[in-house]
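What follows is a group of structures, each given as structure tokens.
Both complexes shown next keep chain A, but they swap its partner, so chain B is in the first and chain C is in the second.
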Partner chain A sequence: MTDASQTAAPPVPLTARLDRVGVVVALIAVAGMDWQPFATLKPNRLISGQGLSLAGSLPTLWAAIGIGILSIATIVAVLRTNAWLRLTTGIVSLLVLALLIGLVPATVVPPGNTFARVSPASGFWLMAFAFAVLTTDAIAKLRLGPLARLGMLAGAAVAVALILGSGHWDGLSILKEYATNADKFWREGRQHILLAVSSLAAAIVVGLPLGIACHRNPTLRGITLPVLNIIQTVPSMAMYGLMIVPLSLFAASFPIAAQLGIRGIGTAPALIALFLYSLLPVVANTVVGLGEVRRSVVEAAEGMGMTRFQRLFQVELPLALPVILTGIRIVLVQNIGLVTIAALIGGGGFGTFVFQGIGQAATDLVLLGAVPTIALAFTAAILLDAVIELTERRRL
Partner chain B sequence: MSRLVGPVARLAALALLLALVLRPEWFEPILKPFTENNAPAIYTQSSLLSLTLAHLGLVAVASLIGAALALVMGVFVTRPMGAEFLPLSRSLVNIGQTFPPVAVLALAVPVVGFGVKPTLIALVLYGLLPIFENTITGLKEVPGNVVEAARGMGLSPNQQLFRVELPLALPVILAGIRLSVVINMGTATIGSTVAAKGLGEVIIAGLLTSNTAFILQGGIIVALLAVLLYDALAILERRVARRTGRLAEVTG
Partner chain C sequence: MIELDHVSRRFGEQLAVDDVSFSVERGTITVIVGTSGSGKSTTLRMINRLIEPTSGTILIDGKDTASVSGEELRRGIGYVIQGNGLFPHWTVARNIATVPTLLGWDSSRVARRVDELLSLFSMKPEDFREKFPHQLSGGEQQRVGVARALAAEPGLLLMDEPFGALDPIIRAKAQEDLLAVQQRLGITVVLVTHDMEEAIHLGDKIAVMDGGKLLQYAPPAEILANPAPGFVEKLVDGVDRPFRLLSLSPVASIVEPGTAEGPPILETATLRDALSELLWHRRDALPVTAGDGTVRGKISLQSLLAHASGPA
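So, the complex of A and B:
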């Protein structure tokens, strides 16, 4: 375009220069900044507290810098701007929010007061949501590849680890709750991951051959899939509960089992319940994935003189892999959520904190359980989505 | 599923459900062996009928709100006006589904308090996602030439949407609703941990007092409700699909 044509063009109407998604982001961010409290100050762990505005919860200089950066970010969001700029803006804003909230406790809590609790309030969460939406939108529009998304996940993990390691967030209520539960936190965390992953592993070991058999044998398929479907409809709380009976009987009749730790409550019933829930997605996706392999491909493999075994492992399974992996992704994300409920039968995991917190009406303790659970599920989803996309590319 | 679960099995399941809810005392001889120390085998703190109705009511309200929101949003992002929101909404749906229901429930409690409200929030969110996803998929799958033909016949964009696109997308949308109702039946039981009235109460009472009879009672009623609703909605879906001449993708 030459200069002449640019001057000749009619002025671009304001609405065409506005980014619609950005307008929504800006509305949420402004609502969070101006009308909602940025942080909550509670006299102690259980009493409800008072909300503090952004300006009222930070030293003047930091509040001014923070409001300045976040306002510029809001303007970048509203205008139609380059997607890379929007991505950078979203990430910088999230970092600024993370740093600002860490400054609040030292500002509002009198020195020496160890009972007061400071936690992020609705204004903080609204702004965090707004800029997370801005970042997500930019990522979606840039169509970042799987490796780039993995890189961003790693970057986010490193940033959180650095902030946590530096002690910048130590004054916040959730970390105070962590400080009193530190040993237990890592124990429950290990247990949470162990339950989610080992039940998935068991489901793969059993479900994959079962899926292959179902693919080959329609009668078996007609029985297996409806049964697994019905298992999925049993509410998870009841499923955990129902596992208690057979296992207590088992432990009572075989003392050796009890010595191995197989009892009515605890890890064993949780594992079996999770395993049962995990079977349907693995089996169903194996059947669907193998069913999608084109007849002609299988026949070509046959024509090349491959045995049934070779055909399965060298042709059919590799082609069905992305669909099978999708089933595994569903299971892993679902299991990470379901493990939370296992805490009700003494299965451990982060749910222990959630239900203890609900019982004591201690929000911070609930957060100590809920936040890592969400982070785990989210990480698992991004990781497996990237792996699935990589295997799909290889297949093409 | 209903190929195997014929009309007879369906009726039997319905009869069992009604008996369990209306005449729980009939099952005392069967459930008694599952109790210890002479504990009661039948849950009597509140009537099972009222708990079942509360449970169903919760799921129905949440599914209706979720479906209405999801439909409006799904239609919006597939119109030219809302096209800018499409990539974002896809990602948000994807992210939303990774949030564990218990976490949403637990996080809603400090904001809105105990009881029905946090449960409703978690249920609406969970009901919303599959329906929204399927609404987008259904509308995007309507063949371009059909929409062209509708436009050629002189239908306005509104008429195209209501007379052509939505009816053709209906089976896929219904599949989303079916999925969300079944998920919600299960999630609503967790609501009882934050004091929402529902069948989860029976299961929790069983867990707290190590009374397997209660767990069985609550669990079987919820599972039967879910299976029957899943089945009924699948039949409805197939009817609609046959009428519109295309087969809905049968998910989960």
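So, the complex of A and C:
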């Protein structure tokens, strides 16, 4: 013992060698690996099933390789290591998890049994979360530029597409739900995106000019912003409910409206509700963005003989753009989430699967609606963040 | 020539500019000086109609400014404001090109003009053209601001506290640059400042304003020697009046016949320089020479002191 302490370099305190985020990541990963079931096996899609550990749900060799790689990854996470190594480790771990979970069905379900369902369980989700945090933390530490982040997003999308295309996950419960709902899935997906994007587009068309007018006219601003604020506080369920009566009456009194598809339930009330929710962020951020343009810059533009329109389009709007885009980002991500609820009033979208799943107590069907919604929102956020950063580059 | 004729401006109950009349000669620098709220900026902005006068008329070269649209008028007048107001999302070249572009100059002419102006303000075009304002120092930003105002070759340049945001050393340099450029281009400049020293240094004529009224309009020497009683007097009290007065005249103006011992003084030096030499060498008089070294006479401490004192 004395021998070792004499030859060793001056001891570095243990805490100095640990990565703070890494410790949390490791704790979650270890909890997921050792104490929580990796997958669930159910006799059929409705009966609750039995949890299986990582070792218990995979062939021994695969389980050993998996546990080995994930354990090394946990150690890399916990120690202070190079950010590129952490990024690689995070990505590799996520890929390993994706591959392992796909191997479970063939291992635990007897051949010929078409009723049994295998789905990822809490252990899988915890580890996926832990290594996703490791990956995003590494990306943040590396300060990757907007284009590099877009590249990583594209890489992730390609990876998921390849795994899905290879059929590796076809044994999993959520994909069995997909298989029986494939046509409907893409139809509802299109409807989901259509609702989110078209309500955003309408909000921009109305909100941008309204924001500009509010910037110019304090009286209008004093009325508009509080009203939009109140609209924003109406719970989405209530908002959809509130749409039903006036729209039904409207459709009843104007047959042309009914012919156009405007009814108390369906796409029309969903669109209107989403549009109303979208207005506040667009208008408020336009007002704030224009308000932040330095007074001296606007005055210089005026003093050099720019007309109001030239000032607005050449100076004020370009300078306010990053703030306005931030509002648009908020709206898009918010709408992608809110569209889910629109399914309640027949608006369609991925929410259809969520509410059907809740009705049938079929968790896998809920996931078939929830997972793509989250993926969409996530993608929209990364995409718009990158665009905002690109527009901000040259401004100070 | 600019003529303000009984110009007033009212903001609600407040009379910001009260019946102001003065005229500015072509090719001179006129400085409007006053405290904040004196109406000096409002007066300046009425010249390019950023603010419309409530009453009175303003003529530029005999033409009523109200006879053209505000935008058209402003495109023909250079305008520089405190903190330069450069467009942060545009390069230096595009900033300078603002007014020429608004006027529809073709792009090669605009590019030539941009390079010409950058060179005039001793900034290498190839180094500065593509930079963005935030990559420039405060002094460089200020110079680009003035270059931008001069881009469309205006005969008149309006400057609203143009050096207010600069530190003293860069500020002195910017003032010298302005004097040099003004002399070279022969333009008319109207400049607003709260700094009496700056006004005395730059102005061919100074307009002192307070409470919306024009109190005195005269050359700097006149303002220093005979300030209007009250506000103007108080304003010039704090600016080393004797030394200021001396720095406005050359040695040649009070050279006496005769000779004196000691190091000679150039006749183009200011009286202030002469006083400094006399005090330093403990002399009552020093010889005065022309640029080629020929002796023109002497300068005596006594006549210098007489020149530096206020009215009896």
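The criterion applied here is as follows: the second predicted complex is superposed on the first by the 385 of 396 C-alpha atoms of A that agree within 3 Å, B and C clash if a C-alpha of one lies under 4 Å from a C-alpha of the other, contacts with A are read in each partner's own complex, and residues count from 1 in each chain.
Just so we're on the same page, a residue touches a chain if its C-beta (ideal position, glycine included) is under 8 Å from a C-beta of that chain, and two chains touch if they have at least 3 such contacts.
What you are looking at is a predicted structure, and each value in this text was computed from that prediction instead of being measured.
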{"item": "Superposed partners chain B and chain C on chain A - clash or fit", "value": "fit"}
{"item": "Which superposed partner A:Leu383 touches (first chain B, second chain C, both, neither)", "value": "neither"}
{"item": "A:Glu299 touches, of chain B and chain C: first, second, both or neither?", "value": "second"}
{"item": "Partner chain in contact with A:Thr307 - chain B first, chain C second, else both or neither", "value": "second"}
{"item": "Which superposed partner A:Pro318 touches (first chain B, second chain C, both, neither)", "value": "second"}
{"item": "Following superposition on chain A: angle at chain A, chain B versus chain C, Cα, nearest 10°", "value": "80"}
{"item": "Per-residue contact with chain A, leading partner among chain C and chain B", "value": "B"}
{"item": "Partner chain(s) touched by A:Val30 [first = chain B, second = chain C, both, neither]", "value": "neither"}
{"item": "Partner chain in contact with A:Ala213 - chain B first, chain C second, else both or neither", "value": "neither"}
{"item": "Superposition-derived minimum Cα distance between chain C and chain B (Å)", "value": "24"}
{"item": "Doubly contacted residues of chain A, that is, touched by chain B and again by chain C", "value": "none"}
{"item": "Chain A - residues contacting chain C, complex", "value": "294, 296-297, 299-307, 310, 315, 318-319, 394-396"}
{"item": "Complex contact set, residues of chain B against chain A", "value": "1, 3-5, 34, 82, 84-85, 87-88, 90-92, 94-95, 97-103, 106-107, 109-111, 182, 185-186, 189-190, 193-194, 200, 203-204, 206-207, 210, 212, 215-216, 218-220, 222-223, 226-227, 230, 252"}
{"item": "Interfacial residue positions of chain A with respect to chain B in the complex", "value": "19-21, 122, 133, 136-137, 139-141, 222-223, 225-226, 229-230, 232-242, 244-245, 280, 284, 333, 336-338, 340-341, 344-345, 351, 354-355, 357-358, 363, 366-367, 369-370, 373-374, 377-378, 380-381"}
{"item": "Residue ranges of chain C touching chain A (in the complex, touch as defined)", "value": "48, 50, 70-76, 79, 81-89, 98-99, 102, 132-134, 145, 148-149, 158"}
